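For reference, the structures are reproduced in the following blocks.
There are two complexes below, and they share chain A, which is joined by chain B in the first and by chain C in the second.
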Partner chain A sequence: MKDTLILSLENVRSYYAKGNYYVKAVDGVSFNIFKGEVVGIVGESGSGKSTLSNVMIMNIKKPLNFIEGKVILNVGANFLELNTLPRQELQKIIWGRETSIVPQSAMNALMPTKKIRDFISDLVKDHFERALNEEEIIERAKQRFTDVGLSPNDIYRYPFELSGGMRQRAVIAMATLLNPRLLICDEPTSALDVANQKLVLKTLEQLRKREIVESIVFITHDIATVRQIATRMVVMYAGKIVENSPVEDIIKDPLHPYSRGLLLSVVTPEPEIKKRGISFIPGTPPDLANPPIGCRFHPRCPYKMDICEKEEPPLKKVDTNREVACFLFNK
Partner chain B sequence: MPKTALKPFLKYVGRRFFFLILTYFVAITIIFILPRAIPGNPLSQLLSRIAVQGAANPETISNVQKSLMEEFGVGKPIIVQYLSFLGRLFRGDLGTSINFYPKKCLDVLAPFIPWTLFLLIPATLTAWIIGNTLGAVAGNKRGTWMDNLVLNTSLVISQIPYYWLGMLLIYTFSVKLGIFPTQGGYAQGLLPSFSFKFITSVLYHYVLPFLSIVIAAIGGWAIGTRLLVIYELDADYTIFAVNLGMRDRTVFKYVFRNILLPQITGLALNLGSALGGALITELIFNYPGTGYILFRALSTLDYPLIQAIFVILIVAIYFANFIVDFVYAIVDPRIRLGQGEGS
Partner chain C sequence: MAVLEVKNLNKIYEVGLFVRRHIHAVKNVNFTVEKGEIVSLVGESGSGKTTTAKMILRLEKPTSGDIIVEGINVWKDIKNVEDRKNYYRKVHAVFQDPFASYNQFYPIDRILHQALKLIGVDPQNPKSQELIEEALVHVGLEPKNILGKYPHQLSGGEKQRIMIARCWLLKPSLIIADEPVSMIDASSRGGIIKLFERLRDETGTSIIFITHDMGLAYYISNRILIMYLGEIVEEGTPDEIISNPKHFYTKNLIGSIPTLYKKWEDIGELEKRA
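Up next is the complex of A and B:
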């Protein structure tokens, strides 16, 4: 293996318990994230991509249940199987230190009635036995605030004293404060205007280039954003990965019919897509409590074959670095 | 508090004070009008009492009535009465009670106030503390047996009429079991003093009214707090803190701090209205508080006494409100620093 593995998911299933049935939000997902990668996870609402972000750090809270699979994280010296660790252990040594999530709505993500500096204090206290690191961390926080384009003195302010864009950047600074190996961004740009979106993407890029974070997972439904920042794109449909390819490849030549439909339905298209025109995918995503038998996309698929209604297509390598789950490429 | 935070803070306090004066004026006007809207003659009771006591000479009674009407201004145009009421109030004079003539209203009320405060302030605080703690724990352990227990018990208790609860307590503990006395603030025949005997008697009589208020109020607090906790545990800042690996205890502390803010308002309003007594509870237990005297005043249409009770009550509620705003400004930086005014 030429690259260092950061995170590996092996056949992970995680369902929401709703009364006496399950909603299969993440169903048999496998993929690897290597050092230096920015992986864009793309899918429409309800495809399980936000649930996936919780599963990646093993933050499993009722009604979500972890059914099976392995979540393996590189923690520097060795690899840890996160799904075997108790919650306290995850809180202490993994969350915030090895992994971090930049949330969807950063506007209200910071504790509203505490100064950011006091929040940092609490964060340090909860992660390290002795508070001797605190001064060092405060200095680092000031540096990080400067890095993301804020004033170092902003850490002495309350979140409500910052504007929306500033808050978003403050959240990124806080999320990366303990230098997590893996940064998961859950639609961090969807609530921002274009100028702030650009700024956030640039900030994330910087953090990775300077190796403050080693890999970034970028969860979004916005393909234009993925194109700007990601190196690889993972397309999710109905709780499963349907395609996993380098960004340029998938934009030029999407393999899975769903990826194709998704790219064709982009409203602000990239030049390559523009040539093909805009269309939409007929039908609606399936109910994850009762997904269709066989390939989950078959009721909406223009290339449907008989086998699609009977068997589930496995995610298979079709090229050196491309994977797709479709019988069109896997006879 | 840093220096920069002081200016908006003073501005905030000043603004609160202005509105306080304004609403106080409105409230006083309302309590002047409302008792006079009740049909009936406030002097009739007093006159009939005088008639019974003194010689039943119609001319004397008529003379007494005239002088009393002069004294209380009953026959005068309402606007004149109102202005003289305001004028006296401004000088700090709450007037003379009709029913307890010639006692001053303040002198009538004075002995009842400590009893009421002694009953209601500890009871309100106890209910607030227990209710909030139960609600917060239940909300934090949502869906467990503990949550179910707290929620269902609270729902039932909060729907029980508190006067019925009072009667139930009397029936169970006084009539059937004979543990506690049925009524009064202390044993009959004792004179109020700081003797050991008197104090134990007071505490002994205190238990049931205290319990009836505490139990009835716990449910409401617990339900409200539980809901707030559940809501806050789903808030963006909670999720962010959890994902950063903050301990559950730290996160719960954040949540508790934020939900206490609205609950402090409720507490202060309750404490402010405590001065008015727990009308029905005091009646049921025959407890010598302001609620009891308010009932007497209302049933005899003693305008000045009704007004006096409400004027004091409103001042107390406003004072409590003002203190809350003050405390709020200290605990909530968003209010202290004037959120939304542009920085």
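Up next is the complex of A and C:
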């Protein structure tokens, strides 16, 4: 069933308005997510990863502006073009039901004076005024808490009574109450120690295995973490996708020079690391208000050619299922 | 002879005003560091690794035990300002937060001039400028882009490189690096790590590398010491530690660190909480 399309982005541009200029956080991004996939979106800070997560559910709030492109979501019976729907409509029929997002540091945003149960009933009131019985939802929440490895009675606890790892799993449980088709997690493991990171990863893997969610988007800067559950990796640099490849392929043989630099700067306790050595990418990521002309990576690229300074490399298919935006592969 | 010898080191903090509680932060720690060796102290927050470093740096007085650097007992033989200066010529620190290591009101030249004064070179001397530029080039910085600038005009990675440039000026026998790359972007981390390797290989400096990142420790160290609740629970070469961890804490740690080239086999199972 790998061919059922869940979400499709077509040439999406979304900029932050800052006075009289734009910060081009997502600039011409196209990719598809199919059923059963776990897509890892990786890149440095400021590459537009988190903005992309908001664009995927069309949560566009000032100063962010949706400039152009299409965001198409599978809602079971048909496909909806999310970018044409008003915010109220999205809130009522899409968010929480079809797509759900666990924003960055959501686990630390839980108000300490409220019990988890109250968050759940607020959620129900805000998003689903009709046809949802609160008691039923609480029962369902208890079940989902068990699914993610928490105790059902944890919903009667205050957030500070839970550890960081438990809080993150509680947030994931709340986000998946209505079995959304697509779950988007923004840096869900970044604030946790390694043991809890592993638990959160296992929780996500379980949700997908048991088809509580159909696909997962996992946004992170930590490649070794996302590698454990992702089936495909999308590498972002300066608001653009530079490579989109199956995980095993990109780990074995990263194509784009940026992907290569990123992978070579990962250190994990493995003998392979000592063999391959460690490297770094010189320079800093560009200012997205005024990105370099041509390929945005060219000022830092060790393989720079003349054409890279003039033209922008398009994201092109190089293999049956690999895409890369680099003139090295564009013959 | 070992550059550093730590013998039966203990640190007990007393907390509480009325009800006294004792926190045994460092318990009977013993280890040595040989010349030209990088030794990592790995452990979670609160395991006592930074307290150990502070005691070696004379920032925290041990409750009991001895620290001996090149034959000098750090807490017993150092009596006056001259002794202290001599000591800091030998032992140098690179801290976690490159933003906190600088005084924001002075150009960064000052921190290099201070290092020169420590080795008895007058910063006004034309030779000193040469030394500074040489040190900056050593750490991969272009002197004309750096000198005269204020700390806020430089990135975290550049600031950390300047701290290492200080090490090139002083050529200390021992460097204590406390989480030197944890505040640096992953893509520039590799560069800083390589600088420590070069310091070891080219000047024979010994380095104590304090980190919670097992991957880094594995890559850079000659030996790894695992600290847990104030004690050293395991010691070995990086390959011994990762291929055959003995203590339950180390086993747990190694099992939870995500690996790049191998996918976990147990990712599909989720244990239920009792």
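Assume the second predicted complex is superposed on the first by the 313 of 331 C-alpha atoms of A that agree within 3 Å, B and C clash if a C-alpha of one lies under 4 Å from a C-alpha of the other, contacts with A are read in each partner's own complex, and residues count from 1 in each chain.
Methods note: a residue touches a chain if its C-beta (ideal position, glycine included) is under 8 Å from a C-beta of that chain, and two chains touch if they have at least 3 such contacts.
None of these values were measured; they are calculated from a predicted model.
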Exercise for review: Evaluate whether chain B and chain C can sit on chain A together after superposition, giving fit or clash.
Suggested key: fit
Point to revise | Which of chain B and chain C A:35 touches, first, second, both or neither | key: neither
Practice item. Go through the superposed model and pick first if A:140 touches only chain B, second if only chain C, both, or neither. Key: neither
Exercise for review: Have a look at where A:198 lands relative to chain B and chain C in the superposition and call it first, second, both or neither.
Suggested key: second
Exercise for review: Answer with first, second, both or neither: which of chain B and chain C does A:158 touch in the superposed model?
Suggested key: first
**Study point:** Partner chain(s) touched by A:105 [first = chain B, second = chain C, both, neither]
**Key:** first
Review point. Touching A:96 in the superposition: chain B (first), chain C (second), both, neither?
Key: first
Check your understanding: When the two structures are laid over each other on chain A, which of chain B and chain C touches more residues of chain A?
Key -> C
Check your understanding: Just chain B (first), just chain C (second), both, or neither: which does A:70 touch?
Key -> neither
Point to revise | Partner chain(s) touched by A:123 [first = chain B, second = chain C, both, neither] | key: first
**Study point:** First (chain B), second (chain C), both or neither touched by A:114
**Key:** first
Point to revise | Overlay on chain A, chain C to chain B nearest C-alpha distance, Å | key: 15
Review point. For chain A, which residues are in contact with chain C within the complex?
Key: 44-45, 146, 148-151, 193-195, 197-199, 201-203, 205-206, 209, 221-225, 227-229, 251, 261-274, 278-282, 284
Check your understanding: chain B touches which residues of chain A in the complex?
Key -> 57, 59, 62, 90-92, 94-97, 100-101, 103, 105-115, 122-123, 125-127, 158, 160-161, 171, 174-175
Study note, to complete from the structure: In the complex, chain C touches chain A at residues 44, 155, 185-191, 193-194, 213-219, 238-239, 242, 252-264, 267-273
**Study point:** In the complex, chain B residues that touch chain A
**Key:** 143, 235-237, 239-248, 250, 254, 257-258, 261, 331-334, 337, 339, 343
